[in-house]
Structures are given as structure tokens and as C-alpha cells.
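One chain, chain A, links the two complexes that follow: it is found with chain B in the first and with chain C in the second.
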Partner chain A sequence: MAKKTYDLLFKLLLIGDSGVGKTCILFRFSDDAFTTTFISTIGIDFKIKTVELRGKKIKLQIWDTAGQERFHTITTSYYRGAMGIMLVYDITNEKSFENIIKWLRNIDEHANEDVEKMILGNKCDMEDKRAVSKERGEAVAREHGIRFMETSAKASINIDRAFNELAEAILDKTAGREPGDHVDRVTVDRRQQSSTTGSCCNK
Partner chain B sequence: MAYKARLRGFDDILQNDIIDIKKLKELAFNGIPDDQGKRAICWRLLLNYLPPERASWTAFLAQKRELYNHFIDEMIIIPGSQCSEGDHPLSLNPDSMWQTFFKDNEVLLQIDKDVRRLCPDISFFQQPTDFPCSQIVNSMDAKRLHRRVEFSVLKSANVERKGLGITKIALSLKKANEDYAPMAEGEEAHWEVVERILFLYAKLNPGQSYVQGMNEILGPIYYAFASDPDPNYREYAEADSFFCFTNLMSEIRDFFIKSLDETDCGINSMMSRLLVQLKNSDLDIWLKFQQLELRPQYYSFRWLTLLLSQEFPLPDVLRIWDSLFSDENRFDFLIYICCAMIIILRNQLLSGDFPSCLKLLQNFPPMDIQIILNKAVELSKQKV
Partner chain C sequence: MPDCGTSYENEVADGYNIRNVKCSFCNCTILKQKLGKFTTLEFDLPLMKQIGGAYNIETEKVSLFWLVKHMMTFENVGFSNTVDNKKYLTCADCDAGPIGFHDLTTKESFIALSRVTHR
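What follows is the complex of A and B.
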């Protein structure tokens, strides 16, 4: 029972305003299915999926959080242990996009400094209701040096890709860190903001 | 006790001029019959809405229901409908009706998202109510709350100009299919009623406003009242569930308030109580949780805040709430039920790793609810 069935364990976190589709994204990724009949997430929920990257079996432990302010004390306690964070907004909801800044501040306050981040503009299948252009999404991601993708849990667009890319970025970081390595020697140049592909460790 | 005898037991208590609430609690603790609207009437009593003196009911209910209608008239307003000098949508005056309207809509937006996600596995909330609120549904949609927060998008068109001066304008008229489709004039669905109740509650309790999860507390109450076979009661399901919900919230509202998390009445203290109970009842599991660093926030936050309403199918939730509402010390029995739920999964929990244990607790396996309740009673009696 206690035998390890994976090589690495990555802890990921999904955050963003209420109703942007965090639970649906996770459900699409873990069960490859979509349903609109989700109840709202209260507190925190979680799912597991194992992926294979560069010959390594990686177990993703993904935490799904409630969007509303009330739950922040509960949910921010998970930021610390997270190695990757998906920040989700809804392309049909301007407000959820504006709040990305607020969520980024939350990450700065509560997460590890070297946490891998990715911004997802979800519901990109609803072109007729779009309120946030892809360019604006890209711009905000570029400004903060974070990866960006538009996704649709419903139409299954970019969901697997997003998780794989985030996992790979974490893998890049962990790969150089064999036991005995000094983690604090890895410095990420924060001024280099033009690169959307982020990580530039151990050059 | 045979079902008929139980039903008679309830009749005996409920027919008295002054209802013995203590006796009612003893009986209701073991479950209220699903028939004859018994649950609806008992919950009205157990939640301290109806007074025990039966003679006062008619006048009391009439007064409360009128008060509720008054709330609707007063709080669901359309700015611009009354002539108020100097008020306009861009007014910065804090008393501006428009200001209030826009502020309210922010709360409403959250409520709207959640009521559309209420009990999606049953169709009840999507069906029309027999008793729509007439001043709302006959307002040409103006007073329908969900209309206020619908995204409106200006129509756009692709304009293509070819040679010969021919211009092709392609209007995109795709329509999203709505699961919770709005009803025709004069009708409304149960979820719209629930939305209104939550909105009024948020307006009347501005310090707390609406917090996600309140819909899950209101849902079962409204369901019990709106499916009462007696039309004389069913007609007022909205007003009555508003007041019962308000009373219940007054007892559990601290769970919903972030600033009270660390206080004795807050959710953290409830979670600690559960953990202490677990330690006393089953040390092995407690130790295992310690070792796995499986904290109560991961599973019991939702259990306790929502009084287990998201963990079980609705009929089981109704049954659990019969016991919870009959609890002399609300909500001690809730702790026992939660503890029983953990202990029942003992073997799987003791042999599992972190993810499998958490998965199990977050998705409680289907089982006869009576097994859990019996275990909870057993735990409550172990107390010295």
C-alpha cells in the first residue's frame, strides 16, 4: 500500500473569482468531462491526477478553492505549500479579469516566492459574450512575467496543455535541485519581465 | 415505532392548544414523517418561528407575511421609477437610489451565480412555483432580480466589403442555452424565489450580507415548505422560509463571518471541538490524521458551515436536520454526526494515504443515513 507509484509530487492550486470555472477546469482535467451542474465550492476541494513528463511519473495534487472573500483565510493557508498556482478569470466577465491584480497580490503575500504561476482566461468558447480580449490577457501576463493561456473547460481547449506546461515549469526548477544543492542560490531575475515563459534558473 | 404510530404521535402533540416543544423535540429527533406536511410545520416550531400557542398562529402568520411583502416593496426598487430630485445614475450622493442599486447588484451577482447552482441533481428548483410573487412577475421583467445582473452585450457584426460595392453584414445571433431559463411573464421558478429571499436577507443584514453557502442553508428549508401538500401553507413558503432561515442564521451566522473565525463561536472553534471529540472517541484515527497532517479544515469546514447539506442527497439532509433542529443544545449533535461519519470509515482511513483519506472524506460514500445517526447517538451517550 505504501509503495510509491510516482516519482514526484507537485502541489497545485486553483484560484480566481467565484464562478469563473475553476471546478469545471479541474473536472475536465481529472475526469475529462464537463457539466454545468456544479454546486459552488465551499472552503476547499481537491483532486489527484498523475501525468507523465520526460519519463517521470508526476502526481499532481490539485486544490480547488472557493472564490468568495469570506473563504480567503481558509484558502490562503494552502498557498504556502503550493508549487504552482493557476489564476483563473472568465473572459465574459470583466470584473473577474480586473481582480487578477488582487489575486496576484494575494500570491505575493501568501505563497512561496518561487511559485510557478499561470493565468487562464476561461470560457473562451463563448466568443459572443466575450468582454476581455485575448490581447489584454496577454498584456497583463507579460507585465508580470507569467504564462498565459485562454481555455475552455466546456470545449476542452488548452486544459491539458495548461496543466502540463505548469507542471513542466515546476519540473524545470526541481530538476536542478538534487539533494545538497543550495536552493537559495537560484535567483530568478524579477526585472526580466518581457519573457512569458518565465523560469531562467541555473544558466 | 411503526410509521402510523409515529404519525399519530406527531398529531397528538401538534393538536394541543399549547404545543409542548420539549416533547416535540424528543419525537422529531428520531425523524419527522415525510407525509402530510409534518416536517414543514415542525420546522416552523423548532426554528422558533411559530409560537407554541396554536390560537395565535393565524394572526401571527398574517402579520409576518405582510411584513415580508413590505420588505419586497421597500427593497426591490427600480431607480428612476419614483421622481426623486437630483438623482441620476452617476450621482455620488450616498443616499442616491442609483448608488444603492449598483451596490446591491454586486451582491446580487454573487447570489445569482449560486442559486443557479443550487441542488442541481434534482429538478425542483428549476420548476415554476404555483405561487409566484405577483408584484414581481407582472412587472414586465423590471423587478426580476436576475434581470439586473444579466450581462448585456452590444450586438456586433462582421462587415465585409467586396468589390462592386456589395456589403455583407453578418450579425451573430448565437444564443447560449440556459439551463435555468427565465420564465414567461406571470411565472417564476423556485430558484428565483430563493434568489429573492437571499437578496432581502442580505439587504436586511448589511453587516454580513450574502456569503456563499447560505443558499445551501436556505435550500432545504424552502424545499420543505414549498412542497407542503397543504396549499394554505405552501402559498406562503417564501415568507415563512425567509423568517425560518433568518432564525437559523442567527444561530449559525458566526460560521459565515471571517472576522469571527478565531473566536469561541466561530468555525475554527467548531472544528477544534470535532477534533477533540474524535480524539476521545477514536484515538487511532486521530493519531493517523496527525501523522498525515490531515487537518479538519480540509474536510469539516464545509460539513459544519453548511450543516452537512452538501454531503448527502436532499432527503437525507432533511432527515439529518430533523435531528439537528431538535437538539436541545444546538449544535452539539452536529459534532457527533461528523465524528460518527469519520469513525464509520475507520478501516479505510487507517489504511489509506493522505490523498485517499481526503478524497473519501470530501466525497462521503453513499450509505444508509440511519447508520450514521445511530452511531452519532451512541457517541453522544458515551459522554460522561
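What follows is the complex of A and C.
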């Protein structure tokens, strides 16, 4: 049973202001079939997803901040081992877009310097409430040399594509490197800081 | 017990799952064949659909599981926040669950045969 069932393991994080839809990107609450369940009450901590890129089987471990962003407690420990970061803002919320700059600074301060980043303008299904144009999103991404995409977790637009692209970018960086065995030991007993399981998707 | 009525004999060979383990609702692949070890233990697993609300968790006794020693063996799976040193497992695509649990002490995961389909 010691045989490995994958080639690479990438740890990815979702970062951004509260309410931009990070949790919905991770936890879809697909429709109300499951919303009254036990699971939606306790919330999802992380997910493991398998993708195949260029013949390589890659495991993605995707983490949400579990509301820590509210208390500005996202520091080194959360970023530890992260190889990719999804920086999420809400296209209907100007402030969340402005704060992308703040988050970029936070990442520079605490994360590994060669972490791969991607900016996501989420809730693109809410065109009538749009406050941030796609061009502005693209401009900020270009300025920082980061990939950009508009997504809708609710309408399942570009979510899988975004994760695939981020994984591919990491793969480009790690190409030729051996999968490090140390990444197998993943700590999952992250202390719970709050019970913020209320969802923006239930509105 | 919900898993006593169904025969899973044909799902096990050499102690492992013959077929892929999939979500019963969306067909997402949770565990590939021959990676889960057939295990029996008694566990009170919360029902997928709760009626009583958050403070009155209804459970059922489940006894047949696929044991997965390392979490990265899973193809696609979600881990809930921690409750009593355990994380509950969900479908990574549609979030249906719990389909099993993960023990933080032993790092072992258990998928309930009765909460998934085999294909």
C-alpha cells in the first residue's frame, strides 16, 4: 500500500475579503438539496481534488481561510507550504477590489516568494450590480504580472478552469523537480478560530 | 443498521474495493479501485439530511467502511471543519455528506459503504 497514487501535490489557498465568495468557490452548496445538512452547519475546511495535466496526476489540496481574514490574522502559518494562491474579489464590491493590493502586500510579507498567484473577479453572474469593470481587473493583474479571470462560483463559470490554470502555472515552475515526500505530511488540525459557517451563498 | 440490508460481498476482493467509489448524487470519483481496505467498526454517522436543526444531530449506526490510510489516496474528497477530533468527509463536487469521517489522531479516513455507490 506504500505506492503513490499521484505524481505531484500542490497546496492552494483562497485569499480575499470576507463575502467575496471564497467559501462558495470551495463549497458550492449546489442547490438547496443539501443546504440544511450537517455539513453546511459545520463547514468545509479543505478539499482534495485530482487533475491530470500533461500526463501527470496532480493532487490539489485547496484551503479556505475560514473567516480568519476578518481578524487580519492571516500570517506565515497559513501560507506555509502554499504553492498557489487564488486572490479573490467581488466584482460588485469596489472595496474588495481595492483590497487586492493589500492582500498582495500580505502575501509578499508572509508567503513563499515564488508562490504562484492568480486574481479572480468573482460573482460575474451579477452583471447588473457590477462595480468593477473587467478591464480594471485585468489592468491590476497585468501591473503585478499575475493571471486574471472572472468567475462565478454560483453559476460555475471558470472555477475549474481557474484551478487548472493555476495548477499548470505551478507545474511549469516545478517541472523537472522531484515530488518532495515531505509534502505528504499535512497538518489538518488547524485550530478553529471562530465558527463562521454562515454562507454568502444562502442569500 | 442501514448497511445490513445490502450485500457488499461482491464489492470486496482480497480485502479491497473492486470498483471505483463514487458519489451517489453526482457521480464524482471519490476513491479509485483497490485503494480502500474493507473494515468493520461501529460509528454513529450524522444523517445527510437533518430535520431537527443544528443542536439536535440525528445519527445512524454505520458499520461497513473503506479504510484509507493516507488522505492523499483519495481522488476527490472534502474535509469538514473539526468536530470532536474528527473531520467529516464529503463529495468534493456537490458537497453531499457526510460520506464518512477522518480521525485526526490516527490520520485514517473511513468511507461508509452505504453512503456511496460503486461503479
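Quick note on the criterion: the second predicted complex is superposed on the first by the 146 of 203 C-alpha atoms of A that agree within 3 Å, B and C clash if a C-alpha of one lies under 4 Å from a C-alpha of the other, contacts with A are read in each partner's own complex, and residues count from 1 in each chain.
One rule holds in what follows: a residue touches a chain if its C-beta (ideal position, glycine included) is under 8 Å from a C-beta of that chain, and two chains touch if they have at least 3 such contacts.
In this text the structure is predicted, and so the values were computed from the model without any measurement.
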Quiz item: What is the contact status of A:Asn93 with respect to chain B (first) and chain C (second): first, second, both, or neither?
Solution: first
Self-check item: Which of chain B and chain C A:Phe163 touches, first, second, both or neither
Solution: neither
Quiz item: Of the partners chain B and chain C, which touch A:Trp103 in the superposed model: first, second, both, neither?
Solution: neither
Exercise. Identify the partner contact of A:Thr5: answer first if only chain B is touched, second if only chain C is, both if each is, neither if none is.
Key: second
Quiz item: Where does A:Phe27 make contact in the superposed view: on chain B (first), on chain C (second), on both, or on neither?
Solution: second
Exercise. For A:Gly43, decide between first (touching chain B), second (touching chain C), both and neither.
Key: both
Quiz prompt | Footprint overlap on chain A, comparing chain B with chain C | solution = 1, 36-40, 42-46, 48, 61, 66
Quiz item: Can you list the residues on chain C that touch chain A in the complex?
Solution: 25-26, 32, 35, 37, 46-50, 54, 57, 69-83, 87-88, 90, 92-98, 102, 104
Quiz prompt | Of chain A, residues touching chain C in the complex | solution = 1, 5-6, 9, 27-30, 33-34, 36-50, 59, 61, 66, 184, 186, 188-190, 192, 197
Quiz item: Can you name the residues of chain A that touch chain B in the complex?
Solution: 1-2, 18-19, 36-40, 42-46, 48, 61, 66-74, 77, 92-93, 126, 128-129, 131
Quiz item: Taking the complex as given, what residues does chain B use to touch chain A?
Solution: 110, 113-114, 117-121, 151, 153, 172, 174, 176, 179, 211-213, 215-216, 256-258, 261, 297-298, 301-302, 305-306, 310, 351, 353, 355, 358-359, 362
